[in-house]
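Each chain gets a letter, A, B, C, D and E, in the order it is written, and its residues are counted from 1.
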């Protein structure tokens, strides 16, 4: 049962990712990414990481991809028509590169097959995450505020009209 | 005054820098008078020269070690034990004097010629002097390297700014060649430092100490390591000398440099190479030196003959003199690697002689270049009629360069030849014969040049009205002329000061067995002779108890 | 029971697809999206480790990754807007006065 | 399996009730607007126009479904569904009342009580914008596109204030589960004043939440995405028939969810006198409170003019968000002090 | 949960706090006390940085300790590199002074971003956990993306920002994946904890994960410190970004990147591992990978730099080459040498860019090397310092560059990487060609067209004076700096064995 769910979600995620790779219109690419993210949310729930699952939807789907769509619409970008050859060779490089990388990773992943420890139950709870975030990870948490502030200022500075 | 006496070397080395500061201050206060700048620079150079004279007087010729020593800790951290460590021995003494003399002469020679950026010219000349003097007096490898490289910068500018048409090419070639050599030396210095620290547990760049450690065997080098270290140092010096295949920067640099630059280059900078060989390669890596003697000597001979042949066909006066440098410096290298006392004496003496004679010849070329703005031999002829005094002076210099007896060149080259002939190295006699050919060739091209320029009819009418040398030009040419004569007449007075140094070098080489194998009897004789001298030396050491050879002695 | 390796393999494959997309895509927006995909695959890997190890710091790291991803998206899109305003294109090759 | 069946039954019932309610909400809106504007409102179909929703439904179904010349028909069709589904899904975690005993089982009047309930609602809320954006883009019309753009910007901006305003409640309640939050608010202070968050500690949070909620649902005075006087009908200009109906219902469903959420978070949800003992009373209280919010929605529509776009943004970023931060600060201080 | 257990220690992050607050204060100033005066904003930024520097130096000598539950570590290494990045930021403020005025850029946001970047850099130097490394890097890069695109109406600047952004984000993803895999192998992100884990044998799966993770980390760091083959963004970004920003980019974030790189390399990979442990195998692989990277970086950087006609691009490639030299220090595991080199490089490179910025003037118009012809004697106030910096970059004795290089070479030699040293010295010769070519153009060529002399504003004059003196000071009298580094060595001797 669980494996079936995994296969479904993973399949959706892969389809989304491949679609992202193949589509030339950024809008469809964004929607493909959205699909992948949705599928990943399902996987997070399977992994009992509820908090992560929810904020995955909130931040990625609710904020980041929307922002992308917003920009795409703002400039009303349609299909990128032109096909240049300049990066053509990269495509041929990419294929073996991909095979090597994937093979390597899958090999490593397979090494883990021996020990299917049960998925944790306690760990994913919001309360636990919150507790840890404000104790052990207090400093990184505070640092993110600087990071976001810098990003906000930066984005405003760059995108504002004179 | 007390300070000057106790820090004489420091004062000499940095006197020109003081001149630089004065010139900068002069600018800062809005001084515009070029004449004043020239006078400032000249006086600074003259004062430096005068300050260097007490070195001769105070030099204790029987003292085998370093004299006028100054030593202050400089960088002390992380085992980087760098000292500000100065001192001279018989090898560096005369080179310092040569430098101070030639600087005065060079500044004088640029008096009228250099018209733009006078201040900068003088600043670079003085900086160059500091750099060169620093190289000759540094006894710390780090310090040595510092001066060695610093000296490149002013020379680079002297060629690049005040040179002739292809000056940029020449300047780049000069600096790339020299740097390529010297960074390898840096690697060698680092590794030597590291090996010494490993062996003795005392990290130091102290040149004297390391040499001593190597001699006594406290620091023992693996033959392969020694070989590479030797090459690391030698390449830097061979480039500077320049030895045959590495010489190609020299004609360009000489031809393009202004007269003053050429004088310094030929007179002093080339000597840094041979100085380095004598200071580092021979005493530190005698086994490698012995092993490499034959190829190096072959290259030196090739340089001698090749330089002479090329000089012979040069239509350009300056190029001719430049190639003659290649040839003459070959003698120095040959003498250095012949491993006999006479040859070493000859090599050192030849360094001085060549510095003066070739420097003088470059000055001489500068004189007519100023008048005619050409250096082609074909443009001249019959100058003897219009410029008799000039002709006389050039004649002496040219003969000195050829090696006419009673002039300086003779002493050096003759000693080298004799030394090589008696040398225990393989093919010593063949080398001697070939080198002697070089001497003959040099007589040929110099005399031929002299004849074409000074004798015969005046073929170009403008040469007929050329004014003879004026007072300033006389002032530049006279010291060199006078000195080549003095050197030729009383060579012993100069050589005496080097004796102990040369002896020490010779003994160091003598300690290396393999070169002596072909002629064991001879080497035995020498060893006994050396022992006798050593005994005498120990006596003198007691006499000069404080051992520092300061002015007080 | 889903073995851990399945998740890890999925993460690796997604990462690779993302990396390749960044390389072959020509318009900036798609490149940015592909980078987001890469970050997502990292997140999946981290959550997997975290859940199987019963150790929370992986999930905390995911949280930070999301924050950073949001910040990066903001700045990146601002740059895209600026570029579009200056040059009316989002094609990377077009936007290439500077040599690559 | 029992639990799944129970959830399915509850889902069906709640969907039926809420959708019917929404249909009548439209009627009420028209009626109330009519009264505000001193006219009668719909009164032809059935007594007092009570059958009007049915007639509307028939009309929607019967009308021709026009699809414009669009670059992507799939997205065009998908957009209304994307607008409708999230609010309906959000209903799953809203507690409509306390527990009832039926056939010997305790049944909570809430489809499911997950421990990240509030975040779940927000997550779904953040998805709602997709319907509008995709509608705007795939309609291939400038009005739609502008509407979509405005909507995206507006919803992202106000989502921030909305989320932040709730942080105060979370600090007070210490949980993300909606039923827990309701339970925290039961009881009275001084015997008379209910322990609702709107009275205790969170009045500022409540105001911010409600304003932001109105903006999130694209309602007057924040209805710029569909501003009929500027953009014809905004993002759904090109939609007709049942697709339009889905947008329509989606908007009202969102209104309902937001109101229910406001009730739950700030007005004590289903709590009230006697609600513990008689669960249906709780449902009544809940409906009344939610109805009040819905009435306010309509009331606002009847009375307020529309914001200008820059005013909207300024208000959101320069007033609501800072105030939300102030609220968080006050709440934290209070929590520490207590 | 007491303060002690969390390890809250405000004084440990005091420099960061001060700089962050200054940045916020600048933004608030803009809101409540608006003015386009660069002077006021600049002074505030300088004050903040100055106080932060004092706070950093006051921590000198405190015993080595971790804080915030092991997230950061306070030791002399951190203090030293923090001081370097703050000094780089201070110099960058001076450099930006004129740029802001000429381009009519609103100064507060600019300085605020600079300060936030400084916060990120300072955190990076102190991070003791991969999470902090990641966040520090991101704080730095996000600020610098914006700074690189700050000349908003100039396409070059925008494209520079874009390229920087895409490749930066791309590399961050690799870094992150590396962190994830390392976490998967060791079940922790804390550097000491990782070291402990590595000191035991790992199973196959974990070892494989660790290997790939380490490789990914290397890629990520390679991008950040502009090591070949991950350097592709550097020339474009350095060319396109406003010159003061380029100056800052080439020293500040780079120093911070090296600090983090060194920290990760030395703490995780540089310790003395047991023979059987997983760390031992990893260590040798890591070191040889970095060594190869160092060779490629310096050789490639120098060779390409020769062909450049734009001085900013030339300095960009030179900066790549210098990264190669610094990588030697990482290979040799001599962090003091790296620290000294970064100090020296900061001083001389900022100085060089100051002159370039001044000559380029408004809109970065005069950036070709040809534009420098005839500058030499016409404006010695500019040409003389530039010559000094170029000579120092070449590594001629008497200057900071030489001492730094010398030390690096010596360390590498002692660590047994003699081949690396020889390649490095050959590279030094190559570099002499293009550095001195600029000198040639300045002094040996006549000006192609008449150019009006560039005025030398006070801020630049100050910067140039400081950097020239610093170059000579570090080159001739480095003993004092050495002795500080020496003290530091004893304090954290166990960082590198």
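Heads up, the rule we're going with is that contacts are C-beta pairs under 8 Å (C-beta built on N, C-alpha and C of every residue); 3 or more make two chains touch, one makes a residue touch a chain.
As the structure is a prediction and not an experimental result, all values here were calculated from the model.
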Shared interface partners, meaning chains that touch chain D and chain E: A
Reaching chain C from chain B through chains that touch each other, fewest steps: 2
Top chain pair, ranked by number of contacting C-beta pairs: A-C
Per-chain CA centroid nearest to the all-protein CA mean: E
Maximum centroid distance from chain E, chain identifier (CA atoms): D
Farthest-lying chain, centroid of Cα atoms versus that of chain B: D
Separation of mean Cα positions, chain B and chain A [Å, integer]: 71
Where chain B and chain D are represented by their mean Cα positions, the distance between them in whole Å: 95
Centre-of-Cα separation between chain D and chain A, whole angstrom: 29
Centre-of-Cα separation between chain E and chain C, whole angstrom: 26
Multi-partner residues of chain A (at least 2 other chains): 51, 55, 63, 67, 72, 74, 104-105, 108, 111-112, 136-137, 140, 144, 147, 150-151, 154-156, 158
Inter-chain touch pairs (all): A-C, A-D, A-E, B-E, C-E
In the complex, chain C residues that touch chain E: 8, 15, 18-19, 22, 28, 31-32, 35, 38-39, 41-42, 45-46, 49, 53, 55, 57-58, 60-61, 64-65, 68, 71-72, 75-76, 78-80, 82-83, 86-87, 92, 95-100
Chain B to chain E touching residues, read off their complex: 74-78, 80, 116-117, 120, 142, 145-150, 152-153, 156-157, 160-161, 167-168, 171-172, 175-176, 179-180, 183-184, 186-187, 190-191, 193-194
Touching residues (chain side chain A, partner chain C) in the complex: 2-3, 6, 10, 13-14, 17-18, 20-21, 23-24, 26, 29-30, 33, 36-37, 40, 43-44, 46-49, 51-52, 55-56, 59-60, 63-65, 67-68, 71-72, 74-75, 77, 80, 82, 84, 86-87, 90-91, 93-94, 97-98, 101-102, 104-106, 108-113, 115-120, 122-124, 128-129, 132-133, 136-137, 140, 144, 147-148, 150-152, 154-156, 158-159
Contact footprint of chain A on chain C as seen in their complex: 1-21, 23-24, 26-27, 29-30, 32-34, 36-37, 40, 43-44, 47-48, 50-57, 59-60, 62-64, 66-75, 77-82, 84, 90-91, 93
Touching residues on chain E, where the partner in the complex is chain A: 1, 5-6, 8, 13, 20, 23-24, 27, 67-72, 106, 109-110, 112-113, 116-117, 119-120, 123, 129, 131-132, 135-136, 138-139, 142-143, 145-146, 149-150, 152, 161, 204-205, 208-209, 212
